[in-house]
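Both complexes shown next keep subunit A, but they swap its partner, so subunit B is in the first and subunit C is in the second.
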Partner chain A sequence: MSTPTTTRDAVIIGGNRIPFVRAHGAYAKASNQDMLTSALNGLIARFGLQGEQLGTVAGGAVMKHSKNFNLVRESVLGTPLDPKTPAYDVQMACATGMEAIGSLANKIKLGQIDSAVGGGVDSISDAPIVVTDELRGILMEANRAKTAGQRLKALAKIRPGHLVPQAPGVAEPRTGLSMGDHMAVTAHAWGITRQEQDELALASHKNLAAAYDAGFFDDLITPFQGVAKDNNLRPDSSMEKLAKLKPSFGRDLGEEATMTAANSTPLTDGAAAVLLGSEEWADAHDLPKLANFVDYEEGAVDFVDGAEGLLMAPAYAAARMLRRNNLTFEDFEFIEIHEAFASTVLAQIKAWEDEDFCRNKLGLDGAMGPIDRSKLNVNGSSLAAGHPFAATGGRIVGTLAKMLHGKPGKLGFISVCAAGGQGITAIIEGR
Partner chain B sequence: MASILTSYRKAALGALTSKLTSNGSLRALSSDPEEISHPGASAEQLEAYRTLFGGEAFDGVHRSRLPSVLVHILGFPLQLQLMTRDDFPLQLMGLVHLSNQVEHRSPIAQDQPLRLRAHAENLRPHRKGTQVDIVTEVFEVQAPGAADEAPLWRGVSTYLSRGVFLAGKPGGSEGSRSGAGFTPPSKTAMWTLGADEGRRYAAVSGDYNPIHLSGLSAKALGMPKAIVHGMYTAARVLEGREPDAAGHSWSISFEAPVTLPGKVAVAVEKPDEKMQTFTGWNPKKGRRHFSGELHLP
Partner chain C sequence: MRDSYTEFANTGLGRKLTKSLGLPQPAKLRRYRPGAPLIEGPVVVVGDSEASDRIAEVMLGWDLDVRRHLESREEAAAVVAAFDTTSSPEQLSSEVLAVGRLLKQLKSSARVITVFRDPQETEDPAVRAARKGVEGLTRSLAHEMRAGGTANGIVLQNELDAAAPGFAGALRFLLSGRSAFVSGQFITVGSVNGALPEDWSKPLQGQVAVVTGAARGIGAAIAETLHRDGAEVIAVDIPPAGEQLAAVANEISGTALQLDITAEDAGERILTHAEQHYGRLDIVVHNAGITRDKLLANMDASRWDSVIAVNIESQLRMNRAFLASELFNRAEATVGPRIVSLASTSGIAGNRGQTNYAASKSGVIGMVSATSDQLQARHGSINAVAPGFIETEMTAKIPLVTREVARRLNSLNQGGLPEDVAETIAFLASQAAGGTSGLTLRVCGQNLVGA
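Then we have the complex of A and B:
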């Protein structure tokens, strides 16, 4: 039996992604596999991993064709990695990338593997379109038929309405509400204003633009299909421009509707990947050690009848994770909260700063806050960069690890919400 | 028992003849019940119901009992048979389903043989006409001659006949406009109902009332568009919320009909562990479609 009594560090060596682009645009002809393979190829080239047999590659896509049942393995086979590198698919909605990276870090900590790549990809432009449940039922019945007569009898049940192609829904299956409309209910309940949301959206664009200008992304992004930069970025945006937009979500709130296309993330295509390894593996391959992946926590809330907001799970996960690590928000150098919507970030922050919420919902002695806004998403986040669902975890981990590099012991906090009332929080530590 | 289609055909013919007595007033209400044996709901019926409402599987272990709206569906032909009897004082065609109350006292299994009984009571004035309660009771099958035990399930469906008034009685105050001043609660769900939702529920329930089937058939009966069955909305709210082991009760009141295709904003609230309230409304016009309560054991 080789049960380890201690764990070792899981080191973040570096990240790579392709630029994120607005859906039905530059990557309209690219598949998930195309984009993920390209992001992996960039990572492999940057760290000289050609011919290398890695411990495991894990990742996923939220919108996935059934033909992509082995999306990550097929992508790996398209790269110069040793084909003996195993790979598996993960899916936890928008937290897919975080779950892939977190679970790989655990394997490294336990000594099960020495190296890994985690990440994700999503395409709205090449979303799987399927037939209706009725047509599928009829086709399967015809498939099971033993005689031509039985087959005809089954096929004769097809009606014109059955033939309408079914695009993947944007609504939560159990409530029928879109994610934005769910968020609008939560934002309204927390009294989050249009002004606050627009300010956060503007800051995201300004911060991302400044990071590009400073060359921050030079070693984090490789071009794809002629695109070199996230094309949702609006460096010249202003509060005046944002104020002109009409609400997109929660419109039944009338005058009190606050969520617009600008303070909500656009539908986006893209892919991201992060290279992890043990200290020994990184040293043996002469690779940088940017940060340690310290810990992560999954959370879920009871959102179906509105007991909690759909995207509030990270608020709960953070409370457990920080208590376990004996940390408070003041201990963090940088705070990365995925901007599904500006109001998602603001609602989580308000919750952590709220005495009643922290006592009654999180079971703490008092508020977890305050959160220093100057530490928040300092190089931009999803509102500016875009949010190809499963790729966001890889984008954030790669970005934050680079920010913490050269700051040994300094901590970074990550929060990513996900459909189904779920979410993940994580801690990484600079080195 | 007459089939639902036979009952509707009889009702359509009956619509041509007057229900009024020679002096122009409504007949008295007969309390004679209709009664039948029923073989119980089949696996196919349960599966068709589940396909429509998308709930958890009837796996025979964790979920095997009939949802209370499916029990209502079993009793519905009997209701129609009662309401198309010559001694029933109101015209079936055009009756408006105002509300429904159900006590689902004991669980009812798939293929469990049942005795169903329905009677009419409480013919009374309404602001817009006359209303009546149809009480449906569902019993276990007893040995011949044995007295009925308490019903497993008891439902009261209240219907309104518009523009028909009881002799010597002014329009009642009951049924006063309850939708006025409605402020929608915070929504917890949004239903998107297709143009075929009425036909789909008709296929599951057997209730092929033309007002639910298509815009054309609804227009023929004076509705601008097809409307969804009231009990469809009840079933959809109760799905995943009522206990398989029964012992619960619920009620629903129907207000503005849900036209098809359409969206319904829904709020389920839980004032305490034993009680849930639910409300459905038109998210654009803010008009309430239904409201009700579920009381858990």
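Then we have the complex of A and C:
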């Protein structure tokens, strides 16, 4: 057996998402399935896919009910797609959407499927509430009981303290630290200033607002439940307003704490989807070909003992991916780095621009940088739009593909960090 | 929007009560359903001109029960009266009185259709008087029709005879349930352009149509009706209406295009979408419109300007883009591109509080007549439809008493449905209406306002 030496292009045809909204707000009553179904319906309407049997649909949610074991398949069944379209769930924390899209692109490249939709959804407002391990143990025991007496005996063990529900947290299971507090350590280590972070946050809001004003999102977003725009967007924000906020993370750093609610992404509800296909499939269906999904790379770091930053895995993934593709940052027209926190973006950039880091950690001959900031997140990113975990990959791929459309051969770079010390980077190419 | 009065008036008790109290008696109108017969019952042709023979032939071709006379116990479904050779008012008498005798033998939702020549095409005072006379008697007869019946006219221009495809198209539309809420109106057929469909249940087969304002109400009904008639539909609405727009597009297997039609490049963006997804564009329906009512004394610039920008300036700008494009000009023999625009009876009669809206809708009527030559040169057409009181989300917001009065103020004693407007638009968008251009056709049940 020999491995295939030629593959075909995986074409990004277009994207659709619902507006992202701050948690416990406009979508408080919507489920993950409602939101993903709506994002798919908008995509289907935009591209006339009613009744179409797609190769496969993949996506997922980070905050997921156990009843949603088949979330994507159930969502597909609620759309006008041919019910013979297979679907499966993916989960890789905040990189879920990127992993779904990247692996679907690979299937298309290999000729296994001709068309696909990848994306993700997340709802903090509809998060599963978990009972304590003690109560769960008692309930399972009662469930196993064969007689009423045994059942009563088991249930009699319940104490008031068992009844406190456990809300899902964003704390890392192995360190107990929240993601923000992890990031605060990394930001401090890289010497990232409050000023830099606030500037990045402000640029994100200004860029997203300008993109809306220009009608850029007219064919990327379909409203949901009366919301037409990302409601975290603050077009009238200013450095003065941002400077007034007190730090939210890394408070043990005292005066040196820099991360505020404004330069950190809020918890958000939303969903996004991207349509992919082979060139032939796109042509046969009279669909546009915005860009090619060229390559992607997963990365992970050992953050548990504190030697590496929790959200620094993309730094490593990028080094391997660019080497494999014989590219440098100068070769990219646009750079999209997911703004989990402003400091996440700045720490990654500093790492790539740092001679020591690139030599000692990445094993390169010198720094990968510099990174041209004018190419960075030019239509806004997560600080302004919000970040419904699994939906962010779909948002970025859809946005970047549109930006590269009509620029054949021009490249776009994507970096998305994820919990558990993981991350994904990707390359797409305009056409 | 539910019309409880009409529902009640059509019950046994309701019929008795409304009759004895002298209240309006709105009938349940015969509306078009795919697969249902064009019209059920005898159709009587009145007149002895050559055209009357042609009319009979056309209808025989549709397998209708065409008669010259009706037995005393029979009921007719329609009467078609040819006045095309009438050259003086005194000559109207025999045909008019023959029609009159048939009026007591009509089924419900019956049709009376008069056929005559354009009064403006003759300088002879007696001839023009006779032709204008047909207009007047047709309008008055429309007021006299009962049980959902309507009376309309077909006006022939340019020496055309009843063999023109546009004549057959107009005749069929007026006989059918598609014209349920059209009464007291005239369809002018002025050219031999157009073609009759192979399948009358799919008159728009293979055509690509764009409908603006398609997310709800009349626009959604238009999109659905064009799709039912065989067209592939591009549904356009502003981005904030995207969720409903996607639902409409998915329902009719169309495509959704979120677009503010007041954007400078709106026409180009529609053309790009049509080119990408369909490779053609045959029909444009300018439906999107807004109201910002205010007495002129209290009118501010934003209310005035936004109504003008959305309701008429956008249409003028988009039409320039469409007419300049190759995509919209794929003339095939006698069939070219069609544009249908939404006017309003407010644009004809005026309406208190609607100077801005009426200006924009009168503007549409002007635009349509002035653009007609350009479309006709391409074997196409441009027409407008002026709806009267239509039961929509918008009219549901009118206060109860005002609404109840408004919806009864027409010869059919009821409001129309969005589908009534959509049916007329679908007709004007079809190749069978190719002989008609520059017209504003009212779908108002012969509203007393602005008649």
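The working rule: the second predicted complex is superposed on the first by the 426 of 431 C-alpha atoms of A that agree within 3 Å, B and C clash if a C-alpha of one lies under 4 Å from a C-alpha of the other, contacts with A are read in each partner's own complex, and residues count from 1 in each chain.
By definition in this document, a contact is a pair of C-beta atoms (placed from the backbone, for glycine too) under 8 Å apart; a residue touches a chain by one contact, two chains touch by 3 or more.
None of these values were measured; they are calculated from a predicted model.
Subunit B and subunit C, once both complexes are superposed via subunit A, fit side by side.
By the touch criterion defined above, A:P370 lies against neither subunit B nor subunit C after alignment on the C-alpha atoms of chain A.
The superposed model places subunit B and subunit C at 150 degrees from each other around the C-alpha centre of subunit A, with the value given to the nearest 10. In the superposition on chain A, A:A171 contacts subunit B only, with no contact to subunit C.
More residues of subunit A lie in contact with C than with the other chain of the pair subunit B and subunit C.
Of the two partner chains, subunit C is the only one touched by A:G48; subunit B is not. In the superposed model, A:P235 makes contact with neither subunit B nor subunit C. With both structures placed on the common chain, the touch criterion links A:G25 to neither subunit B nor subunit C. Residue contacts after overlaying the shared chain place A:G191 against neither subunit B nor subunit C. Note on the superposed arrangement: subunit B and subunit C approach each other to a least C-alpha distance of 44 Å.
Overlap of the subunit B and subunit C interfaces on subunit A: none, as no residue is touched by both. Of all the residues in subunit B, the ones that touch subunit A in their complex are 51, 184, 186-192, 196, 265, 267-270, 276, 283-284. Subunit C meets subunit A in the complex at residues 235, 239-243, 245-247, 249-250, 253-260, 263, 276-279.
Every residue of subunit A that touches subunit C in the complex is listed here, in rising order: 38, 41-42, 44-48, 50-51, 79-80, 215, 217-219, 221-226, 228, 286-288. Here subunit A touches subunit B in the complex through residues 133, 161, 171, 174-178, 181, 185, 188-189, 252, 304-307, going by the rule given at the top.
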